[in-house]
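Labels A, B, C and D are assigned to the chains in the order they are written; within every chain, residues are numbered from 1.
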Amino acid sequence: MDYQSVLERIANDVAPQIGRGRPAEYIPALAAVDRRHFGMAAADIDGRVYGVGDWQRPFSTQSITKVFTLALVLATGGDDLWAHVGREPSGNPFNSLVQLEYENGIPRNPFINAGALVVTDRLQTLTGDASSELLGFLRQESGNPDLAFDPKVAESESAHGDRNAALAHFMASYGNITNPVPTLLDHYFWQCAIEMSCADLALAARFLARHGIRADGSRLLTRSEAKQINAVMLTCGTYDAAGEFAHRVGLPGKSGVGGGIVAVVPGRCTLCVWSPGLDARGNSVAGVAALDRFTTLTGLSVF
Amino acid sequence: MDYQSVLERIANDVAPQIGRGRPAEYIPALAAVDRRHFGMAAADIDGRVYGVGDWQRPFSTQSITKVFTLALVLATGGDDLWAHVGREPSGNPFNSLVQLEYENGIPRNPFINAGALVVTDRLQTLTGDASSELLGFLRQESGNPDLAFDPKVAESESAHGDRNAALAHFMASYGNITNPVPTLLDHYFWQCAIEMSCADLALAARFLARHGIRADGSRLLTRSEAKQINAVMLTCGTYDAAGEFAHRVGLPGKSGVGGGIVAVVPGRCTLCVWSPGLDARGNSVAGVAALDRFTTLTGLSVF
Amino acid sequence: MDYQSVLERIANDVAPQIGRGRPAEYIPALAAVDRRHFGMAAADIDGRVYGVGDWQRPFSTQSITKVFTLALVLATGGDDLWAHVGREPSGNPFNSLVQLEYENGIPRNPFINAGALVVTDRLQTLTGDASSELLGFLRQESGNPDLAFDPKVAESESAHGDRNAALAHFMASYGNITNPVPTLLDHYFWQCAIEMSCADLALAARFLARHGIRADGSRLLTRSEAKQINAVMLTCGTYDAAGEFAHRVGLPGKSGVGGGIVAVVPGRCTLCVWSPGLDARGNSVAGVAALDRFTTLTGLSVF
Amino acid sequence: MDYQSVLERIANDVAPQIGRGRPAEYIPALAAVDRRHFGMAAADIDGRVYGVGDWQRPFSTQSITKVFTLALVLATGGDDLWAHVGREPSGNPFNSLVQLEYENGIPRNPFINAGALVVTDRLQTLTGDASSELLGFLRQESGNPDLAFDPKVAESESAHGDRNAALAHFMASYGNITNPVPTLLDHYFWQCAIEMSCADLALAARFLARHGIRADGSRLLTRSEAKQINAVMLTCGTYDAAGEFAHRVGLPGKSGVGGGIVAVVPGRCTLCVWSPGLDARGNSVAGVAALDRFTTLTGLSVF
């Protein structure tokens, strides 16, 4: 497939959407980003990468890194994770405490904040340094040794971290968090603060299109585990809009409030799009539109 | 693909699961079914049908028909439906009133009971006789003119129908139901009481694998609408276990408490499996296991 | 105590509040009432009655009659009622379905709509004609044989009755309603449609100030049962504002969306105030202010 | 009234209840207490104190001190408190997060844990040392200069404090907590760890029976503020059993999981009863029974 010309057509088609929506405003480092940015990259399973617009410009990955943390925990610790976090859509806004209480401290899935805290807690237990482990993995898969944390973002997250602290203490009260809450929160906030470009992310996510095989040809995940992550991305990857995203785009995807979205066409390619303006449910307006165009133009939806 | 030998291998592999779980017990007509039944059928997009076990024995379709009612409403009335029912997973047991109240009488998706009542209400408004319309459609698509309602099941449903009556009156209080509640409930209960075999259901659902094209070659749905139904089946088709089903099976599917499950491999085939023993969330134990085997053996998951 | 001069002073003091708030608007018969009405009556335990303003003008009692239905059920059927309805404040708006679901069809208290439906259902079972029984009782206690239902109000309630129908069907699904739902709703709506004046209501409620003794000197309730009703009025009698009412007024009270409020000073007197303008939680603005003045002027709060 | 003989009769009447129920088990210091203790004291408004059983033996006051913290905040900072905490019953178990989320970080009342954290936060802001301020006040009112914190209990509370930490961080995320969470929790846990006897508590609470007047004759609260505290005790003072308590006992009361309950007969006297065995909702079994007997024997219910 001629990804480059598809991407160029998409960039043209979604131009009217760019700048719509509002950047995340709860931390200054995100609020200050110019909402007119737009970039999109595709990486095929052989590692060729294509792009348009700001596809090489780093942005704040935010929740997108939750996919990679999940993969590392499954790769390292295996299915035991699923005793501590569910795989069902949450049916509630992404940081709700309500459902957590009804279900005795077991978060519904690994992509709501509570679930991601559990996954990070386990990576910390398995490796002793969850955020460094993640950064190292992302550098290797993207082939970009310069990937780094943005300390201003991490500090901002920490300064506005009362709700995540509440979630962590609440789950700790059920025995579902094992590391000290302040340590856990540090690693959690550092993960949200990794800066990557669309190209970096499309390359780093390729193991999900390659049924678990890493960039260097070694196996990270079993075929079944890779499928599981794609399934949980499809049903839970875009906050409270997963049904809408499945309906419009029809691909496994994971969004972040930095305006990025990673999507996977199993067996074919990975995509990453970035534009900072968010809709009411926290997903990039132009980003969702671009992925919608992609599946319409290529027919590459999973449905 | 040699579907017949795949089905035979599956029947062999899942034999230890057959008879596990419990049949639905809330109505006598379902509780009396022998839980040792097992049947499975596959229909390819050209209409060839394959089967094992009790694949030609009629059973109570129950919620499975919600897929077809949804298709008929989209085909007849179009996207206007989505102003009256959402497309997000519910994150709650299938007949919960809670979420309905938080969201002002708009059910989260067309497959929870509240959502199916809204869809039936619209089909009734569009056609004047929702349940006959549905039965006629199923007869045509399955090629089986003998399909019929089981009046004992419909009466049983009606006799235990207080919760559905509550849902309907509750949505009516928000103006989201337009037909008289008793009329609506009659059509709703008749739909649940249609008897079909695995072969009938696999054939009838083929338009979902054929991107909207009916058995006779005419178009029922646009390609986009067919994709939408597959998406909502994947995210919401198996009660509160949609995430788990996506994770294990990785196909759009719709289950019923009669023990049947229909699944779709877009562009390839449809599947229907039946075994009455249900798990705690209302899905057939042997049925889920059989579909899990199918995607493992064939690699035909959407992920 | 010189009740007459206290009432006159109150009428003067609350004059600026009269006309504030909005009449109930969900049924036309209530919405059409002039919000500038104000009346207040006091009845001492010996049956002397005092009043100011529109104290002899009939208005729609609405939820106030729930107190009397409760008393009749306790008098006739005894404590068995408490297995079917709780005695705890609801902590939610007055017709919420949520809490009902969490507590398996047992309403939290007899004054939320769900609870009042259960109480009416039991009075119907005990007497065969709940609304006539209630009307007869009110005529006797008030000494006013002309008390009657307003059929327009009853019809209006019925025409807007989907939410109460939902509640009744929902509880029926748990086995907590025994009469047919349409019969139950008829009696329920008739009870809401009884017209009484402040004088009528103050007289009719005297048994609560007289520790269970009726107007004719016979015993309706044990001392303990009368105390129980006062307790449930104090903790649950004014929708989601019971705490606020206890705090400001400090008396057992029961309000209705017709703008009336009945209050009890145990061992001393009963009060009834009426003014149609309601606050956001459904209680009469001038009515609450008048009762607040009463306890301030007389020191007759229970606290 | 001859309080002494009433207390002796109560002690005799409730003897079969003593030892029923289970002590609080979430912290070792409470779980280890012998459940066969029983003590009861009454203090009349002139300061005479009467008692039976273990009425002079110190026990862990736990949530009972929330009444005194509330009084100190109203006395020092006034009604501004009510913008930060409500006065309505919670309708949910005492440390639920659910309602807090629906109401944007404003707890329903000052006696659920979330509300008590807000009250403590404000006392800390007003005085700079909330727990010392409280201890000083209790020493003065009880006339017992030896009152002290039990450091083992405070440490235990802190070690099991994740749920309270979650509540505090959660409210901080709404801006409804102003002190650093660890500081706030320290003061909160110290307050729970004050040891007092029934005699101490009955004496210390007398200002509530004296319409706001302290032991030394000075005014702590306005008459209206004292009434407010009694009202909130009656509607919210005994966890999720306030309606039941109002119904059985009919007095303003505040219980603690140490097994103590303080109750107020406005204008007459205060009562304190202690017995460690708790019912399913966290209130002393023998304690509630003893207060029930008191109002039955004396007729001193507020209803």
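As a convention for this text, a residue touches a chain if its C-beta (ideal position, glycine included) is under 8 Å from a C-beta of that chain, and two chains touch if they have at least 3 such contacts.
Source: prediction; values computed, not measured.
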| item | value |
| --- | --- |
| Furthest chain, CA centroid comparison against chain A | C |
| Winner on C-beta contact pairs when C-D is weighed against B-C | C-D |
| Centre-of-Cα separation between chain C and chain A, whole angstrom | 55 |
| Distance from the mean Cα position of chain D to that of chain C, given in whole angstrom | 32 |
| Inter-chain centre distance, chain B versus chain C - centres from mean C-alpha coordinates, in Å | 48 |
| Where chain A touches two or more other chains at once, by residue number | none |
| Contact set on chain C toward chain B in their complex | 96-98, 101, 160, 162-163, 165-170, 172-173, 181 |
| Residues on chain D engaged by chain C in the complex (per definition of touch) | 86-92, 99, 108-109, 224, 226-228, 230-232, 234-236, 240-244, 246-247, 250, 252, 266, 296, 301-303 |
